[in-house]
Structure formats: C-alpha cells, structure tokens
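Chain naming follows the written order as A, B, C, D, E and F, and within any one chain the residues start at number 1.
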Amino acid sequence: MTDITRADGRAVDQLRPITIERGWSAHAEGSALISFGGTKVLCTASFTNGVPRWLTGKGKGWVTAEYAMLPRATNSRNDRESIKGRVGGRTHEISRLIGRALRAVVDTKALGENTIVIDCDVLQADGGTRTAAITGAYVALADAIAWGKQKKFIAQRSEVLIDSVAAVSVGIIDGEPMLDLAYVEDVRAETDMNVVVTGRGLFVEVQGTAEGAPFDKRELDALLELGVNGCGELRELQAAALAVTDAV
Amino acid sequence: MTDITRADGRAVDQLRPITIERGWSAHAEGSALISFGGTKVLCTASFTNGVPRWLTGKGKGWVTAEYAMLPRATNSRNDRESIKGRVGGRTHEISRLIGRALRAVVDTKALGENTIVIDCDVLQADGGTRTAAITGAYVALADAIAWGKQKKFIAQRSEVLIDSVAAVSVGIIDGEPMLDLAYVEDVRAETDMNVVVTGRGLFVEVQGTAEGAPFDKRELDALLELGVNGCGELRELQAAALAVTDAV
Amino acid sequence: MTDITRADGRAVDQLRPITIERGWSAHAEGSALISFGGTKVLCTASFTNGVPRWLTGKGKGWVTAEYAMLPRATNSRNDRESIKGRVGGRTHEISRLIGRALRAVVDTKALGENTIVIDCDVLQADGGTRTAAITGAYVALADAIAWGKQKKFIAQRSEVLIDSVAAVSVGIIDGEPMLDLAYVEDVRAETDMNVVVTGRGLFVEVQGTAEGAPFDKRELDALLELGVNGCGELRELQAAALAVTDAV
Amino acid sequence: MTDITRADGRAVDQLRPITIERGWSAHAEGSALISFGGTKVLCTASFTNGVPRWLTGKGKGWVTAEYAMLPRATNSRNDRESIKGRVGGRTHEISRLIGRALRAVVDTKALGENTIVIDCDVLQADGGTRTAAITGAYVALADAIAWGKQKKFIAQRSEVLIDSVAAVSVGIIDGEPMLDLAYVEDVRAETDMNVVVTGRGLFVEVQGTAEGAPFDKRELDALLELGVNGCGELRELQAAALAVTDAV
Amino acid sequence: MTDITRADGRAVDQLRPITIERGWSAHAEGSALISFGGTKVLCTASFTNGVPRWLTGKGKGWVTAEYAMLPRATNSRNDRESIKGRVGGRTHEISRLIGRALRAVVDTKALGENTIVIDCDVLQADGGTRTAAITGAYVALADAIAWGKQKKFIAQRSEVLIDSVAAVSVGIIDGEPMLDLAYVEDVRAETDMNVVVTGRGLFVEVQGTAEGAPFDKRELDALLELGVNGCGELRELQAAALAVTDAV
Amino acid sequence: MTDITRADGRAVDQLRPITIERGWSAHAEGSALISFGGTKVLCTASFTNGVPRWLTGKGKGWVTAEYAMLPRATNSRNDRESIKGRVGGRTHEISRLIGRALRAVVDTKALGENTIVIDCDVLQADGGTRTAAITGAYVALADAIAWGKQKKFIAQRSEVLIDSVAAVSVGIIDGEPMLDLAYVEDVRAETDMNVVVTGRGLFVEVQGTAEGAPFDKRELDALLELGVNGCGELRELQAAALAVTDAV
C-alpha cells in the first residue's frame, strides 16, 4: 500500500469508525444499530415459529432479509417506495444479496421449522449501506437464534450458525485500491466491489463492477485482498459486540 | 385528579419521559429524534426552493408531511407498505393530520415559494406515535425554516411561524381520564382522543373516538383539559430544545 | 343564535332539506338513497352469513364500510381511483370513520357470525358527504339486520342495534357557528367539525379541524351544541323512514 | 316472430320499459339517468376546453368514456376495482366500446379542441348495462355539446353530431332470437350479441359471441334484424328526451 | 370480387403466406410459432392436472388464454405492461377473446379436471395479431390435449375437441371488402371485422367495428363471406400441421 | 482441465452450440436472436433521437436495457409480471446488469443525444439467460449504432463503441470448475459466477455467489480464467455475425 491519505484522513486500507449498538430495539428478537462512519443502519431480526407454506414439513427453517432506506437518509430526499407503489430494482437487489449472505452461514436444518426475517433500514447513508447492513444483520441474526433457543423453538445444542459473515466495499480511485468507501469516494470510483466473507475467510459473494474503465486481473486481486482483510476486522468487532452476555 | 397510579407509576395527568434530540440527521435541513417513553420517531425536514406546479406563481410556500413505521417498530412485524404496493388507510390519515397541524402555525406567504416536507418515521412504537410525530416535526420544521433564512431562500425578517404546535393523546380507562397513553393503556381505553394545541393554547385539531361506550360532554371536557395542559408542557420542552443555538 | 341568514336562506342552526329513500336498491339487503340538500349518497348494505377468517369461531360478527365518489359527483371531474390504481387518503379516512360510527351502535355478539358491508357511494356532492353517508348507512344497516333476522341468520330476539347513530357537519364562518355546511360554506369555514352522535345524544366521534385560525374552548362548545341538536333532528328522520313497515 | 312469452311477459321483439331522466346531475355539462327495466345507469358528460397533449394543435376534439359498476349493483357484492388496484378486463372492454360508439357519430373537427369525457356508472344491473350505457351516453353527450355551444367553446353552427347512436342486446334462447335480454335471460342465452346502430340505421358495432353452440348465418341475420329494430325504438326515445328544451 | 391488387400483390380474397411451426417450444406441452405474413405469434399451451379452486369437484376442465406483445414487436417501441404495472384494455380484451374462441370447441367435461393455459406472445406485429393468435393457439391446444392423453390425465377415448377453430380479419378499404389485412391496410380500413369460425363453418365470434363511416347490411354480408372462406383455408393449414405425427 | 464429461458430452471448458441470427426483427433498428444451447433470447435495439429529460443538453446519449421472460420459457409456467402488476427483483437485477455491461463499452459523448433501448426477451430458458442476453444485446446495439450513423443521427466518424462485450456463466460442480452451465448444471452448482468481459479481455462485471459452500481464492481464480476464455470465443462469434455486411 502507498501512503496516500484520504479526505477523512484514513489510510487506503483503513475502515471508517465502526460502532455496533446491539439490542437497540425493545421489540425485536435480535437487533443492532450499526454505523460505518456516517452510514447508520438499523437491523432487526423477527423470529417466527413456523415456515412459509412452500417449506412446510421439510424440517428446515428460512432466513430472509429486506433492505430499505428512509426518504431523507440521503443528501437529497427520495420519494418513498410505498408511495410510488413499487419497490425499486436497487432495493430488491440489495435485499436479495443480504438474504443470500446470511443463509450462507445458517444451517437451515439446525434452525428447524422457524423463520427469521431481518429488516435493514438505512437511517442515514454515506456509502457502503449494503455492507453495513450485512455486517449488522449478522449480529441481529445471532441474537434472534439465541432467543429461539431460550424459548425452546430451537434445540439448545443445535449449531445453527456454521460461521460468521461480514461485508465491506472496496474500490479503485485514481488507480488506487481503497477499503470501505464513503459516499464521496464511491461516486468517484472507477471500479466498485462488494465482498462478503465468512469468519473463516472464505468468499460468499464477490460483486465487482467497472463504473468507469474495465479492470484487469491484477486490480481485481488487489481489491479482493483489501476486502478480505477488512472483513477480518469486522469479524472481530462483531465478536466483541456479541461477547457481552446480557445484551438482549 | 384522583391518586390512581398507572402501570409505569405515572400520575393520570403526567407525561411519559420526553426527549428531543435535535439535529439527529446529518443530511436534513432540520431534524429531531423525539421519544415519548418507548415511542421513538425520527422527524426530518427537507427544504426545497420552489413549490409544486399547482402552487407556482402564487407567492406562497407549501408544508406537507409523511408518516410511516418501520416493519419491526411494533411488537410483531408488519409487512412493508412498499412491498404491499399500497399505503394503508391509517398511514394516509396520520400523514394528513401531521401536515394540517404544521400548516396551522405556518404563514405560507412569509415562507415564500419554498417547500418543506417533513418525514416522520416511527423507529419504535409504544402508543402515541402520531402525537410524538407532530411534536417532533415542529422542531424539525423550525430548524428547516432557520436554514432557509440562513441560505436566503426566506427573507431574514419573515415571520414564518406564527405559533408553535404540539400534540398529545388522552383517553378514558376504567372511567378515568388519563394523559399520554402508552400502548398497553391505549388498547384498553374506552375513549381515545388526540388533541393538537398551539403554543398559545388554541385548538388546531380535536379527534375523539369512542372505542367502547360513547362518551358525554363532561368526559369530553375532562379530556380536553388534560390534553391542553399536556401540550403546554410539550411546548416548554420544544422551546428548550430550540433554545440551544448551534444545533444544526 | 343570531338572525344571520345564509346563501340558501337557512338559519344558522337549520339543516338542509333531508330526504331518505329507503329500499332504493333492488339487490341489496338494506339500502337508502339519502340527500342532504344537493348531496346525494347511495348507501347499500350487503349481508353475508359468515365472517372474515381472522374472526372465525369467536362468535362475533363484523360491520365495515366503504366510501367512494363518482368521478363527476363534484363540480369538476376527478379521475377514478380504480384507474389511478390506488385509493386516496381521504377516501380511506372516510371509509374508516363510517365503519367506526356504525360499529359503535352494533352489538357484534348479538349479530352472530355474520358480516355486513355498507357501501356509501356519493352520486352528487355538495358538502357533508361523510355525514350524509353515516346517517344513510344507519338506515341501510337496520334493514340488513332485519333481513338477517327474517332469514334466520340472526336470532329473532337479538338486540343487534344498541342505539341509532347519525352525523352532521358544523363549522365557523365569519365567526359564526353554523349547522350542516353546503360546499360553498365549507370552503369558507375557519373551523370545520364533524360530530357523530347516537340516538341517546352521546358522542361517538368528534373531529374538529382549524382550517384557518385555531379555535378556543368556547367556540368548540358552541359547535358541539349545534351538532348534537342537528343529530337529534336526523335521528327523528331516520326513525320516520324506518317506521314504514314494508320498505324492503 | 312466434308468440312465445317471456318471464316478464314481454314479446320476443319487445324492449323492457325504458326511462331517460335527462339532466339528473347538477354538476355535469350533460347527464342522463337511463333505465332499461331493472338496469339503471347514470351517464354524465364532462366538457373541458382543450385536448390531451397528443392531440394538441391538430384542430380536433376528443370524446372518451369510462364504464364502472357500483359494488352492490349486482345480486351479490363485487369488490371495488379501486381497492383491487386494477381495472378488470370486462370494464376496460366496455369502456372502449362506449367510446368508439360515441366517436362514430361525432365530427371531431367540428367539435374543435375540446374534450368530452362520458362516465357511465351502473347503479343497478339487470342485463344490458353496456347497451343502456351507450344509449344514455348519447343523450348526455348531446347536452354537453349544446353546453359547449352556449359557452362559445364550439361555434354555434358546427354540426358536431353527424348522427345519433343507440345500442341494444339480442340473443338466442332455446333457439329463439329475443330482444333486450334481462339478466335471467342473458345467463341462459346460447348466443349473445350487442348491436350499436346509428339513427340512420347503419351499424357502428356488431359483437356476437357464441356462449353455447356456435351460430349460423340465418341466426345471425335474425338477431341483426331484431337489434336494428330495437335501436330504432331507442332512437325515438332519445329524440323525445332531447326535445324538451330546457333540460340542462 | 373485382381485380383490385393490393400493396403486396395479393387478391382481395387472398390470405398472406401462412406458416405454422408446430412444437417450437422445448418445454410447453403444445406449441406453435405461427406467421400471417409479417405477423409472428408464439403460442404455447401449458397443461396442469387440476383446476382453479372455483371449479374444483365439478368434473370439468378449464381453458384460458393470455395475449401479450413484445415491446418492439411493433414499428415503434411500446413500454412494457409489467413496468407500467397494469395490463392495458386492448390486451385484456384480446386475451378474453382468445379464451372464448378456444372454449367454444372444447368439451370441458371430456377434458376432465385439467387446466390448459395458452400464452400467445406476439414477437412481430403486422396486423391481424389476434386472429393469428387464435389460429395458432388451436394447434398448441390440440397438442396439449394429445399430451394429456398420453400422460393419462385425460381418458384416451375422450373427445375433448368437438370442432376446430380459426380466425381471420376482414375489412373494407376504399369501399372494397378485403381478407386478412396487413398493418398498412388495417389503419386505412373504414370497417374492421374479426371473425372466428369453426371447422364446420359456424360462427363463434363476430366483431365488426366502423372505424370510419358506419356500414350497412350488404357490406356486413360481404365481409362475413370473405371471413368464412378465409377461415376455411386456415382450417386446412391447421389440419396439415397437425397431421405430421411426431411433432411433439 | 480434467477429462470429465458432462451430461451433454461437452468438455468442462466448452461452450454450448452458439447461434446468432442477426436482423431477426423487421422493425427494430438492430436485433439478434441468440441461442446458447436451449437458451434462446431475442434482443432488439430501439433507437430514438433525443434523450430522457434528465440528460437533455449534456451532449451525451443513453443506453439502457430491459430483460424479461415469456411465461412458458421455463419448464413450468410462471405468471406474467404484467398481470402480477410488479416487476420481480430478479428481473430488475438482470436488466440493470445488462444495461451496465453495454454502457461499459459505449462512449456516450460519441453517441450524441440519442437513446438506445435494448430489449432482451427470453423465448426459451435453459440456464445462462442473462449472459446470452448480454452477448446478443451487443450485436443488436452495434447494428442500431450503424443505423444511427446511416440516418445521420450520429456523426459518421464517431467511435461510439470503444470495445465489444460478451458474458458467460461459470460454476463449480462436484468441485470441478465448468464453463457455460445448462439449467441442470446450474441447479447443482456449489458456486455460480457470471463474468462480463470486453473484447480486449478486461472485466466489466464479476458476480460470484456461493450457492452451497463458500469458495476460496484458488477456486475463484479458476472460474475467472474459464470465463475469460469463454468470452474470448463469444467475441469471435459476435465479430463473425457482424462481419456479414448487409444484415440490417
């Protein structure tokens, strides 16, 4: 890495300040208010005993996610999707990504016939909302599973979580690969990539897009390395948040 | 008032603990995170220079509001209105109420051809979400108007706000009129009323509904008195929040 | 009351000419075409044996209402809500109001597991459409309940209706409280209020809104008194319409 | 024709009692409440100076129609299309038919850049609603054109209506061709046909459908003859209604 | 017939080149890609064992159809109905027409409790898309029924198809009746008619519309004769396509 | 590569038979019917002079894409999105991907203020529909640009296309990386990846998802190599199709 400094003084391989307020919601079975710098996402996990009809009787559970943004989470106001009467393509795409990321670390047989819905609502956006959402959603999910065990909907010894999962954005700006882009960086990036990585360091999802010039294999490798390292740091922060025993 | 005590230990004429975090949002021109006990509403005011087409050229501004609830703001999860593809009747009704309440204290000529949209998103619900929304929205509105003056979209000496406005719920439970109902009280109330009152103590809106037995004039008078007094206390808390000079 | 006369020559405390054509519809189990001056609302009550799934097995019935307006009921044409693909906020709000008003006088246990849907379609609008709708809907409801008894879906001796219900608008114009506002009055009113009152003179709903200047307690009291008296007159007209024995 | 008598005592070539209440609506520029026996349709014509954007500057006007049915116009209640959020295929199809029928007798150049929207709302249905709608819509249209001339939006001497238009249903029941089917007849018809005919006796629209067995040329000819004669009678009734000079 | 020649050199009573590619789809139980000149419609028949809930237990099957057009099937691009969020009136009307035409030749008792959905997607449009759709849909339907027999969902000896069905457009251009209008002819036609005729030469549907001047009985008769003859030729082509034994 | 053979006899690094029928549509400014084995996608490019309002006056053009699937393109029938009234998440996501892929090789300044909309309609699906769509869309796009030059909407010497673009799916099945998955392979894949690569061999998009176990860097590298090679072959086929001079 070179010694380029960024607008907010970070090194190219440095995350923004990350905070995780576990148990933020009084009602949800698991919850976390996560911030990646100015990006704040409220993640709540709703546990229901039972599964959707199409899964009934298969002895497996279901985990799904919905992502949304408050109208004034961004710099200028966006119309509500409820008022437009339709969910936009970007919203759908991110909801699906979060759901896949979480299911990659869940053993649905061990979960049993239970459903967990994770809502990720962006209260304030400053780049990287989908990666903050995944990282916070994992914490909410872990608490909802703990709740399910406490309430005996899940057997005490079931290993529902087979790994942890976190995500971070990486990108190339002025030819330089950088970690965890803030909004002002994101709009300037030539290449933008989101990586979703398990606690063991394996890839769940790699989504790289050339916003400007196409990229080559060497650049791709540099981005992946930055992303894997960033997810390693996030894993530690998730573990620290979950280590506090009486959060819920 | 009798000396009945409530589930949370309050007197019948006592508000829940009220907090107003002014300037919660980094992006909005005015904002407040208000809580009435366990009810938390994020109010953001978005200022736009210009007005909708139907108002153009009339020399008047426009103030409107939208109310919504996160899916897990409540004790069990509700489907998102964006996914259902339609905004529910209750949501519409409350959005319209908030807009009317705010417009009652705004001189739209003094506002000039500017638009302010107030978004009231319930992050956590425990009764009285619409009244908390109105009370917080006023603070966000006041800051958005200050922003408009600072940016010279509004003349410095324009008296845009002709009064302040706050709201509170009142209701009759077991025959006893009570102030600021929490959710467990709200579901038991025979009569439920929301009063919207200006800083000078005048009514903007009175909405009383018999949920159980119809009510008589004496009960109505008792509820109105409780409501006016509660709004007086809220007016003081709004003023205190706005007195801090450098919030935005 | 002062001796102010109105555009149509009425005294301030005088209703417009009211007509109730009971049994207007050949198909509905109960129906009434009601007019408050130029406002004409067709109210039909549809009786179904059985209840919605969420009520099944609770031994209780359900009464609900839907309000709508023909596109050219008003002075200029409005687009159809079916074509816009969504029901507007005002429509929803009024439908909910009518439903609550009717349920306030129905003993749902006595109704048994039956559903009555009241449709209130405004054929011509000249102010006070929601209050005419409630007043006419009560007549249609009474006939639908009579039909249900005749068909033995309801026990002959069940006291389903515990009271009657009627509604009227009141408002302050040029400082003067007035009863039953026509459209030209409604648009000029400083304060606009709808009161829903039972046959025994108790309040079911009080909805007062300052359209211009906020109002004080003395004005509120004057409006309520006008409204209660007006509803008393409507109660007599409902009773007269229902006294004719062979309408259905 | 044979001497078969129908359920309501009519001859096979006899219309039901037809009434046309011209000028029923206080607001519309033209209106008629038409009944074909138990079928009652309120037709209102809304006149607007100007045309939709796609027609601007072509020196031509536009006539269009919308058809709808109240939820309890029929024997059992139908859900509102506004609540379903979509207009059904049948509704669309009939709206288009009415619009085409009216445009067939309108000289859009003579109409000038004006728009007339005809709303046909079925208040009560007993078969033949689309044909009653067309027949009544013509009366409303004629009055709206007269209004446009009086208001000088249309030149006094413009011949906007080049002919009159009426419609009627015909069908084959038990092998017998019959005129103007009531609902109980309509459901039994083997072949169902709607004919739209001008005052001069020319066809605007012929829509025949085999509901049961397909039909041959001889049957088709018999149906067409009945339909043309029926439309001739309707033309007389339209002319009589329009002959009263001061209806609007 | 006179010896007028058309833009594409056809005689007035001549069909465009017709091709039927039976079994075009690898997945559908029956399919045909049919072309009437430049009009190309892909018809697929989907067979499902079972019927919609409202038909269950009546011992009858169900046949229905859906028509749609690709956005660039036409000369200029149309927005997708999926994106507009609503199906247009024309689409609905044609879907209903195709369904009725097919059901006219199906014995639903012989079909048994099975459902066949025919999708007619216009890949390229050059006039007469609905008539090409009906003609091709019949071939797809016949193959789906054969499939159902082979799979034993239908008894081998059931006579499900009681006749064949085909359709063609006819119209009057410059006073001359013509068969099978191409798009450039269709837009010029004074009268436009679609006839749906069974293999035995009986009418299932006759839909004639005056696009310009109304038409008289003599013109109607000339159009019907052209249409019946055209459908006779189409019947031969359908039979030839279905005669090839191993298409599916 | 090992010598594993696949269900259809292909080597692990072998594409399915690819065909490109350029100029399939008579109406579109560019078109191609592309097949990757049993996957058939009709790609049409619609050229419009002018740009959406938000781009007006910036001297730049716009390229966008819409993806959809016929209801019976798949093994069992799917409901139409037009009838469901909303576009699904998967559809949105793929439309956005195709648009980004094409824009990556377009110089929008050189395109000038022109808009090209590419419709990719899947007529038959057997895995890899989005990659076939991108590969075919490029051919349609190239022809639409040629058309724009011929019609002088684009300057003759503008270099609108700065590179070509193609896409292919790769995946890991039973631990073995494979190229261009058919549907039966796709459902079994542990990891599924789509790569979009320019003619020069640079990445435009990399989207890898662990459907089963997460994947490591070595596996990712193997997949990328397969994908880049496959796209190289597709580039040759695109070039060959476009080399035929008089296709449009």
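The criterion applied here is as follows: a contact is a pair of C-beta atoms (placed from the backbone, for glycine too) under 8 Å apart; a residue touches a chain by one contact, two chains touch by 3 or more.
Being a predicted model, the structure only gives us computed values, none of them experimental.
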| item | value |
| --- | --- |
| Contacts common to subunit C and subunit E (chain labels) | D |
| Chain centre separation in whole Å, for subunit B relative to subunit A (CA means) | 33 |
| Centre-to-centre distance between subunit E and subunit B (centres being mean Cα positions), rounded to whole Å | 60 |
| Distance between chain centroids, defined by C-alpha means - subunit D, subunit F (Å) | 51 |
| Per-residue multi-chain contacts in subunit D, two or more chains | 85-87 |
| Chain order around the ring, beginning at subunit B and proceeding next to subunit C | B, C, D, E, F, A |
| Of subunit E, residues touching subunit F in the complex | 25-28, 31, 38, 42, 44, 46, 48, 66, 68, 70-77, 80-87, 91, 117, 119, 121, 123-124, 126 |
| Subunit E to subunit D touching residues, read off their complex | 86-90, 92-93, 95-96, 100, 104, 163, 193, 198, 200, 202-210, 213-217, 220, 224 |
